[in-house]
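Consider the two complexes below, in which chain A is the common component and chain B and chain C are the respective partners.
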Partner chain A sequence: MIKARRRPHEWIGEGAAATAALITFALTLAIFGFMGWLAMPLLQGETLTTLFTSVWRPDRGQFGILPMAWGTLAVALPATLLAFPLSLGFACFATHLAPRRLRKTLKGLAGLMTGIPTVVYGFSAVFLLVPLIREMAGRGSGFSIIAAVLVLALLISPTMILILISAFEAVPQPWQRCFDSMGATPEETVWHLLFPLATRSMVGALLLGLGRAIGDTLIALMLAGNAVLAPTDPFGPARTLTSHIGLVMAADVESLEFRSVFACGLLLYLLIFVLTLLVRYLTRRPAA
Partner chain B sequence: MKRWRRLLLHGGALLSTLGLLSGVFFFLGHIVLKGMPSLSLALIFGDTSPLKALLFTQRVFNGLFPAICGTLCLVLLSVVLALPAGILTGVWLSHFGSGRAKALLSLCIDTLAGVPSIVVGLFGFSFAILLHKISHGTVGPSLGIAALTLSVLVLPGIVRNTQLALAAIPRETHLAVSAMGATPVQAIVRVYLPMASPGIFRGAILAMGRCAEDTAAIMLTGVVATAGAPYALFGRFEALPFAIFTIASEYSGPEELAQGYGASLILLLLCALLFGLSALIASRFHPDTP
Partner chain C sequence: MTQENKTTHDTIIQTQDLSLFYGDFQALHEISLSFAQREVTALIGPSGCGKSSFLRCLNRMNDLTAGTRSEGEVVFEGKNILGKKIDVVSLRRHIGMVFQKANPFPKSIYDNVAYGLVVNGLKNRSMVAARVEKSLKQAALWEEVKDRLNKPALGLSGGQQQRLCIARALAVEPEILLMDEPASALDPIATQKIEELILELKERYTIIIVTHNMQQASRVSDTTAFFYMGKLIEVGRTNALFTKPIKKETEDYITGRFG
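Entry: the complex of A and B
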């Protein structure tokens, strides 16, 4: 084979693509690096131990971010656990159980739902859901964990639905026809074929949904009340790591209070990284 | 399968579908019903005459015009910043990258896609601090920094969409292009990228939607409640989602509340338009994707 001499545009083209790839790679590391760099003064010596206490008194030099970590869990976990079965039901309905004419519409709706701005949900819920919860609970302001959980579940379900739908559609058509021809009802196909084959993708969808729930800022910030308390009461307030970052905007950039925000960022980044690794591990191999 | 279990499964699926859809209609219906009456020219331009506002000769004080301008500038700037890097990274991943480097970059993009927008905002903010120190106080949190931050946020989406669009090109095309003697870069620039352009365009539109709706990242990088129409690349600015957020937390009367509903409706319509457009492109060029 005769190998042609590489012309300049080849070098330029490949070089440009490689540079862009390098930039993307560097950005991912840079986010981690910046968080680490700015949180550094807190991560050394004894302040590190105060970071993992439950006392947030910046005026006394106590920067415990544990209440916020619990707050994130108290909001994100129930929201994911509520949204997952609903999304699973929606995905089953949209792919197999609904009348054929309806399926395409339902899938389209799920796609559109991902595009609804978070802040619009938040705005609507502040004036609609919060008063409702205040009346139902009969105490407090209504800005509560439960309000945030309900709206967050609605917010993350479209993401899960889309992943589940694509997982269900990846199950080979011939197998599904096989089930049909043996007289299986659509429900039986779902239960005995789709669920066993798509288990890994289902767990992946659950974890990705959890990641979105952990990372969301606006819903918790607008609806969860934001008090620095270890969350105990579903009708009480909580502050998540994300809304904590949004709330603490001290003017003094050198203060330790401000540094603690970067520790929260670092924690969130690591959480998401672990979730990403898990999801990749789960969805790498084909489910069959 | 027993009859009652089948009914349970079917009923459960139906109920969860109805539950989710009614939840969405509950919240959005509220916005549409309350927002419709307040939609008017006065909502956008306040007391200023629309013509003078559009020519930027007079500042708009009690309307949404500055926020809308800010959001449009932000969306355009960040997509313009993110597109070249995103497309080239996608090209590298699907044509040049191999082995461990490719796997590593792929992991990076997955991570970047999951990083909460407020953490990306925090990154943008610390970058602004760095610039502030280097430039001795002339550059701080501003429109340019916010656009840069948002472009980091939407980069992974653009990369993934480019990759998907390139992967959908049939094998026959690859064979034909090689048989004609095109070099790799010629093939990419003249054949593959034009063929993949609908998919890439769709990715860009989805990225625009994300930029228009994101609040957390710009909250830390220079958005303020009142700044007027965007005046400089390194100046403070207003944005639609942030205006909605501030009205929800500190509105002072029914008029401001009505403005909040109006702003929500405008943002909702903008995002619906962008997503509708992307769905249209998808159904026009790739009929089998949802």
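Entry: the complex of A and C
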């Protein structure tokens, strides 16, 4: 009889992979539990009712974090919607439409841009973009939703571009050759071959960009003005959940006010979770 | 070089002193060869002899490989198609190509054939449907797939997939069909079907086929050209070339002494 013998490197490899997966899973759950536990004093009792209101007056026991939730959406959604088409265009250009010699340079450029520290984008914008917006709006300080949106779009684009480029390059060469041989223009190849085959990756890039935009703290903190207001005016300020967490934590570590940041954390967590599920659902593979 | 393939047919495409370079390497050496309309020409020779490179010059597929450079002329419809002003996209609509490995798109059988039409801007649905049917019939696949046009193309057998790829190339209605070892990945029965198909297609199309299989060349082609080390050694009527080759290299190759 032939007996299945497991070689040591097989079970070592399997074990290591399983352990890594388990630790990641456990950590994610632990963070969720930890935030829930620390937010408990706030979630119990009367303060809970004030949590989902628009009044943030910790001195009066009102911990409304709704303005911050809206602030997050007002900054992250437009930034993603702006960055995605730009990234898509860039990726198509860098892989298929640009002259051959230029393509390598463009891909290198995208790689380089991912490496620039966020804070550099932030302070460049404080000196270059914010005054410009102040002048254009003719009111306010220039520290505004629109400033954060523009810079955030710039920040998340390179990541999306790199994902899109690798998705487009994963489309098998023989099919591309075949399109060429049928007399398809590069534009037709992009439209009829790349987009249909790379849809899932494209949605993945969109989600990752949105996740980064929601999670980014520094750009909103430096540029959005941070006033606790419901975001209604693009030239006005907003405070995101992330910058709220940063601001509160910098000042305090024990009070109920501090506890409220865990509620913000929970909300962010759930936001990303729901987004992920939604995208999973939308891009599920059709039953074969 | 003697041009023995003078026939009653008109020349549809010809090369004049065509050389091809991959970087510093010269893959083709001053090839002059003409192809008669509605005939099958087989290009034979050992691996690396340049026959596939030559084939790809005829619809400029070599453009897509970085570092290639060509000299000489390829004349089609009175124009040198290697010229800078040639619209490569429309050239390829006149000169179609079938590849060695069947490469249907992960779509339905119908969509695979319709792709080339949609790409070429044909939007009218009934016209597309008519052309799909015609192409599948020309590719001798219609009877086998007419009841499952909406089933995935990847569910077809290898031979059917290759005929589907031929239908896809025909849908664009080219004048010349280039085939790069179209049957080398197929079993003998599927190969036979492809060969029968080639003989049928020759009624309408000019076919230039690269093959490693000398029996195949002798079965399907009117003219055969033998390539060796990037040079055209001999070209002639297929019967003559296989029975009374003029050059010693040709004889050595077709009798199986190398290659």
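Just so we're on the same page, the second predicted complex is superposed on the first by the 240 of 288 C-alpha atoms of A that agree within 3 Å, B and C clash if a C-alpha of one lies under 4 Å from a C-alpha of the other, contacts with A are read in each partner's own complex, and residues count from 1 in each chain.
The rule is short, and it goes like this: a residue touches a chain if its C-beta (ideal position, glycine included) is under 8 Å from a C-beta of that chain, and two chains touch if they have at least 3 such contacts.
Predicted, not measured: the structure shown is a model, and the values here were computed from it.
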Exercise. Looking at the overlay, does A:P174 come into contact with chain B only (first), chain C only (second), both, or neither?
Worked result: second
Exercise. Which partner does A:F235 reach: the first (chain B), the second (chain C), both, or neither?
Worked result: neither
Exercise. Does chain B (first) or chain C (second) touch A:F143, or do both, or does neither?
Worked result: neither
Exercise. Is A:R100 contacted by the first partner chain B, the second partner chain C, both or neither?
Worked result: second
Exercise. Who does A:W70 touch here: chain B (first), chain C (second), both, or neither?
Worked result: neither
Seminar exercise, completed: The chain contacting more residues of chain A, comparing chain B with chain C, is B
For this session: Have a look at where A:E188 lands relative to chain B and chain C in the superposition and call it first, second, both or neither.
Result: both
Exercise. On chain A, what residues does chain B touch that chain C touches as well?
Worked result: 185, 188, 192
For this session: Write out the stretch or stretches of chain B touching chain A in their complex.
Result: 1, 5-6, 9-10, 12-17, 19-21, 23-24, 26-28, 30-31, 84-89, 91-93, 95-97, 104-105, 107-112, 114-123, 126-127, 129, 152, 155, 159, 183-186, 188-189, 209, 212-216, 219-220, 241, 244-245, 247-249, 257, 260-261, 264, 267-268, 271-272, 274-276, 279, 290
Exercise. Mind pulling up the chain A residues that touch chain C in the complex?
Worked result: 100, 172, 174-175, 177-185, 188, 192-193, 197
Seminar exercise, completed: In their shared complex, chain A is touched by residues of chain C numbered 59, 61, 64, 66, 89-93, 96-97, 99, 101, 103, 105-106, 115-116, 118-120, 165, 168-169, 172
Exercise. Across the complex, what residues on chain A touch chain B?
Worked result: 4, 6-7, 9-10, 12-14, 16-21, 23-25, 27-31, 34-35, 37-38, 85-90, 92-94, 97-98, 106-129, 150-151, 154, 157, 162, 165-166, 185, 187-188, 190-192, 208, 211, 214-218, 222, 242, 245-246, 249, 253, 261-262, 265, 268-269, 272-273, 275-277, 279-280
